[in-house]
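After this come two complexes, each holding chain A, first together with chain B and then together with chain C.
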Partner chain A sequence: MNRRRRLSRESWIGLSLALSYMVFTAIFWVYPFFWLARLSVTQWRFFDEPIFTGTRNLVMTLQDPQFLQSLLNVLRFLVMYVPIAFGGALVVAFGLQHVGRGKAFVALCFLLSNVSSGVALSLVFTKIFSSTGPLNALLFDWLGIRIPWTTHPTLAMLAIALVVAWKFVGYYGLILYSGLLTIPKDIYDAARLDHASPLTRLARITLPLLNAQLMMVLVFAILVSFGLFTEPFLITGGGPGDSTMPPQMMIYETAFRRLQPSHAAMMSILVSVASYALIVIARRLFERKVTLA
Partner chain B sequence: MRAAERIGKLLRSRSPRGWAATVCIYALALTWLYPFLWMVAAALKPTAQIYNTGLFEGDFTLDNFRFLFATADKLDRPFLQAMGISLLVTVSVTLSVLLSSAFIAFALARLRFPGRKLFGDFLLLQMVIPTTMFILPLFVLIKQLGLLNSLGALILPFMMSGWGIYMMAQSFKAMPEEYFDAARLDRASLWQTVTRVVAPLNKSIIAIVALFTFTGTWDNFLWPLIAISDTDRMPLSVLLATFSKQYGGYAGPVMAGAVLQTLPLVLLFVLFRRHFLQGMSLTLK
Partner chain C sequence: MIARRAMLRLGLAGSAALLAGCSPKNAEKRTDRIRLWVAPNEAEEGFWKIAVARWNALGRGLPVSFTTIPTAGSSEDTVLSALVSGNEPDLCTNVFSGFAVQLAALGQVENLAAMPGYGALIARRHMAEITPGWTQDGKVSALPIYSSPTLIWWRADLLEAHGFTAPPRTYEDVYAFCERYGRARSRYGMQVAAGRSWADRWFDFISFYYAASGGQPYLEGARALYDNAAGRQAAGFMNHMFRKGWTALDFDAEEPLVSGLAAGGVRGPWDVERFARIYPETLARIEVGPMIARTAASPGPGATFSDSKGVVIFKSSKVGRQAFDFLAWVLGEEDLNLLWLQRTGLSPARGDLLDNPHFAGYYRTSPIGRAYAAHVSNARPPALSEYTIDIQKIMTGRLVEPLMTGQKSPEEALAQAVAQTDQMLKVQM
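Right, the complex of A and B next:
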């Protein structure tokens, strides 16, 4: 009797707590979700009544060369970002494993960029990469060259990739390091008995056993590349041409500068679908079930 | 003598190549801090000296900060007020997220109620759908509510976080049942159970949720850029960006603003570094 009353009180509390979140979600998540769906099949200009146009937005968006360029830019970004980020993250992970005492200090140095301000540091990097900035001064002193970081399409994308990698390498490194900790030492001892070279051990033991963590980093990298906004917006402004224009900036410009929210809504949906598809493809290609047998 | 012995032992603990690697890693870790150093140095120099002096050379002054708080105000760029807005918004959002997440996560992790599994699955589904997709329709909602250009636009949509609930619930699930048996015996109320039993035993995960929520709100850029158009309602992140766009030539004051934007985040990070590292390893399991 007593137990039943307590249980009902417990479920009453649980239900009302869960319900409070569901009410919040209904207002700020479900309702916008329906608006997004509605906008994508209508023509609307922020003040009038939406007019149903069916698939016109979809056709228009798919034929918009600027939008397609912004999707292509995601791939261009990933081609530069993934090698830099993975290389850096592996260095950080092995570094953390190597240093004994100052582990926390080293980790915190690499993580500070991850938790500090993207807005402020984008402005800082605008100055650092500028033609008279410290990076070009250094290159000029050492090699006698100046690199036009923000006026060349490929270099501008590389500059963005470097800034974003600087921000995330510490975090990715920590993920890989947590994976390194789970690899048993005796596997390496056995490999050494077989005279496996350090490179073989890396390719045959470490990287395959890190597959779960590497996949996690890859998925995060894909999500970052589709969510990119602050850095290109502040450092290159999407230029030169539209060579560093990311999809999020394209959506922003379309909705709030050109005042075509319906068009932008369709873009949002397509970008989400594209990011989801890319993650699925990446997992198909690279994910392995690894077991220690 | 003993100190020398200990140093000798330490030196011999690694091969020369091992020591070279250690030095390289420390050097790289310090290089990672260079942009911060450069930012602070530039903020303390007259604009004319930023690009043509070494990192630690130049006439260091606080003029850039004075410019930011006094002159920029007359250029319709009220930085002091923007800092106040940023602080108010960020603290309200963080407190609200922490409080709501702790209680709802407690319900999800430890209370039995109908639909609990469904609720957990829904949270997971929500986290898979990218939030950037919602920025445009959220703008429509805020416009309909008449909240554009107000603090409500910056606070209300972010008062609860599915991610925060999920993270805390994961951690609360791992607690031994005995704590809750004891709390039940003492007839502890819901409020007492969460604040006196659950919270003190889950400090790391709470610190992580707090730190990420604080950083994400303080540094949120895209949403306030869309929702706020009056300069005297802007949070610091957006005001700084518009100032930099319009008065880019004032490199010194822009860097001073960047320091102000970064400072609270770095301070929090340094203060909570232990919880942060512990919490990070929790999130990676």
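Right, the complex of A and C next:
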């Protein structure tokens, strides 16, 4: 009896504690989610009552070349970002393995870029990449050339990929480093006895055994690419010719600049579906179940 | 046990506070005072503090209380949020004409032209030449408080060192100066492209277009008009500057007038205060020239773009008439107009700035301010359109950027930009 009462009290406390989270979620997630779903099938301009329009917003969004361009831009970004971010993260992870004393300090330093303000970073990189900025001044002095980092469609996307990669490489590196720590040394010793070259060890042992961490980084990279806003907004303004316009910027401008929130709601749903689909495809293609026998 | 109860109470109190924060929509509007939002900057806030105190002391109408627009980002977002949640004030300043048109299309702002005393205010403030740019179908959604024409700042010392005793007035003058001053990819005659944002078009192509066309509109209803002689002149000038390498693709790294990276650039009166604070030595060397065109405007100042901000009265206000009385008093009082000028350095939107003895003292001591004041009557605001962003994004992507990179001739770029604008407007309207 006594035991039952104690359990009941604990349940009550647990429920109460969970309730605060549930209330928070209901207000800031569930309500906006249903409102978004409602908006996406209606016509609403902030001050009137939403009028049901069925698939009108869907058709309009799928026929909007600017929106389709913004989705394509995500793929263009990923093509540049993933190799840079993975390459950089692997270098960080392998580098950390060779750091003796002060490893925690070095790891924290890598995280600094990740916690820095995106706005501040973007403003600094805008100056660095400017056609009259220090990077181009250096290139002009050495090679007599200036690179149009922010005015050429491909280079502008590369510039954004470099800035975002700089921000996340340390974070991804720490994830990979945690994976490296879990690989038993014995496997490498056995491979060495079999005269496996460093490249073979990397391709046959390290990368396969890091699959879980690599997948995690890949999923994070996909999420970053769909959530991109600050860097293109401040560095290129989405240009030149919408070539660096990300979906989030498109949604923001449609909702709050063009004052078409219903259209923007449909865009955000399609972007969520696209990001989910891309993650599923990536997992199907690259995820492996790795077990140490 | 006590700790658990305290935690529970804390959790419940937190949830209640969260729910309490969601105030009901369309909160009851006050009728005992006029609520005013002003631009969130020190200079304007200082002006409104004095103006509101004087009004309240006079007791001529309902008392006014003001705050700065509570924004961390753009004023437009904050105003929209306030309107949606029903927390908007009665009056709001810092509204650009395109946003005012959007608000009017959504039925959120009053037609100020229908307010009693509107005609008298326009006459008293000498705004007859200014208001047409703010009138659409006979309706005025926002009344301009100030008008900031765009003009070209030149480094007088650099002009003089290269044989120019006065700022360039025509394209040929600029070319002649660039020929002498420019150095391949390291020193430029003039900053031509203002930036990559849609709003930057006000400070390059649209300014050049107004100067070339004598202030003719670039948009009428659902039709873009700038594929004409003036558009070809303005685009031709920009194209020539980029092809010759007399201007850079961007000047994001630094303020080019300070180092002399560029000797000239389009600037507004708001830059005076910025330069006075950060680059006072450069400001002392600046000479303000007119917006350039193929032929110099004569007689008098030529046309240019005006970056103006206006004030709106929201339809939800229960004290709209009284709010307009306050507005008419603030805008109509010459003493307050002078105070505005002294505090902000921005020219009040009135056509008699250089003729009115009230302002003579100020302009005697401010040659740059005088240059801007001379252009207030001839400065044109942006086209009144709900679709300003789309129009200027097309202008950026289809006209200015191809000219920067040389992908298209001015004629091709103009034709493409205008065709795409027309198509976009046809779909939207």
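The working rule: the second predicted complex is superposed on the first by the 291 of 293 C-alpha atoms of A that agree within 3 Å, B and C clash if a C-alpha of one lies under 4 Å from a C-alpha of the other, contacts with A are read in each partner's own complex, and residues count from 1 in each chain.
The rule we apply is simple: a contact is a pair of C-beta atoms (placed from the backbone, for glycine too) under 8 Å apart; a residue touches a chain by one contact, two chains touch by 3 or more.
Everything numeric in this text was worked out from a predicted model, so none of it was measured.
When the two complexes are overlaid on their common chain A, residue A:G241 makes contact with chain C while staying clear of chain B.
Looking at the shared chain after the overlay, A:P134 reaches both chain B and chain C. By the touch criterion defined above, A:P83 lies against neither chain B nor chain C after alignment on the C-alpha atoms of chain A. Contacts of A:P148 after superposition: chain C is touched, whereas chain B is not reached. When the shared chain is aligned, no partner comes close enough to touch A:P208: not chain B, not chain C. Annotation for chain A, partner touching more residues between chain B and chain C: B.
When the shared chain is aligned, no partner comes close enough to touch A:P198: not chain B, not chain C. Contacts of A:P184 after superposition on the shared chain: neither chain B nor chain C is touched.
In the superposed model, A:S272 lies in contact with chain B only, and not with chain C. Of the two partner chains, chain B is the only one that A:W166 touches; chain C does not reach it. Where the contact sets of chain A with chain B and with chain C meet, they give residues 13, 17, 20, 24, 27, 46, 126-128, 132-134, 256. Contacts from chain B toward chain A in the complex involve residues 18, 21-22, 25-26, 28-30, 32-33, 35-36, 38-39, 42, 50-51, 55, 100, 103-104, 106-108, 111-116, 119, 126, 129-130, 132-141, 143, 156-157, 159-160, 162, 165, 190, 211-212, 215, 218-219, 221-222, 225-226, 237, 240-241, 244, 251, 254-255, 257-259, 261-262, 265-266, 269, 273-274, 276-277, 280-281, 284-285. Residue ranges on chain A touching chain B, taken from their complex, read 7, 10-15, 17-18, 20-22, 24-25, 27-29, 31-36, 39, 46, 91, 95, 98-99, 102, 104-113, 115-121, 123-128, 132-134, 137, 166, 170, 174-175, 178, 223, 226-227, 229-230, 233-234, 248, 251-252, 255-256, 261, 264-265, 268-269, 271-272, 275.
Looking at the complex, you find that chain C touches chain A at residues 4, 7-8, 11-12, 14-15, 18-19, 22, 76-77, 80, 83-84, 102, 106-108, 185-186, 195-198, 248-254, 256, 261, 386-387, 389-390, 393, 396-398, 401, 404-405. Per the touch definition, chain A reaches chain C in the complex via residues 13, 16-17, 19-20, 23-24, 27, 45-47, 126-134, 140, 146, 148, 150-152, 236-237, 239-242, 253, 256-259.
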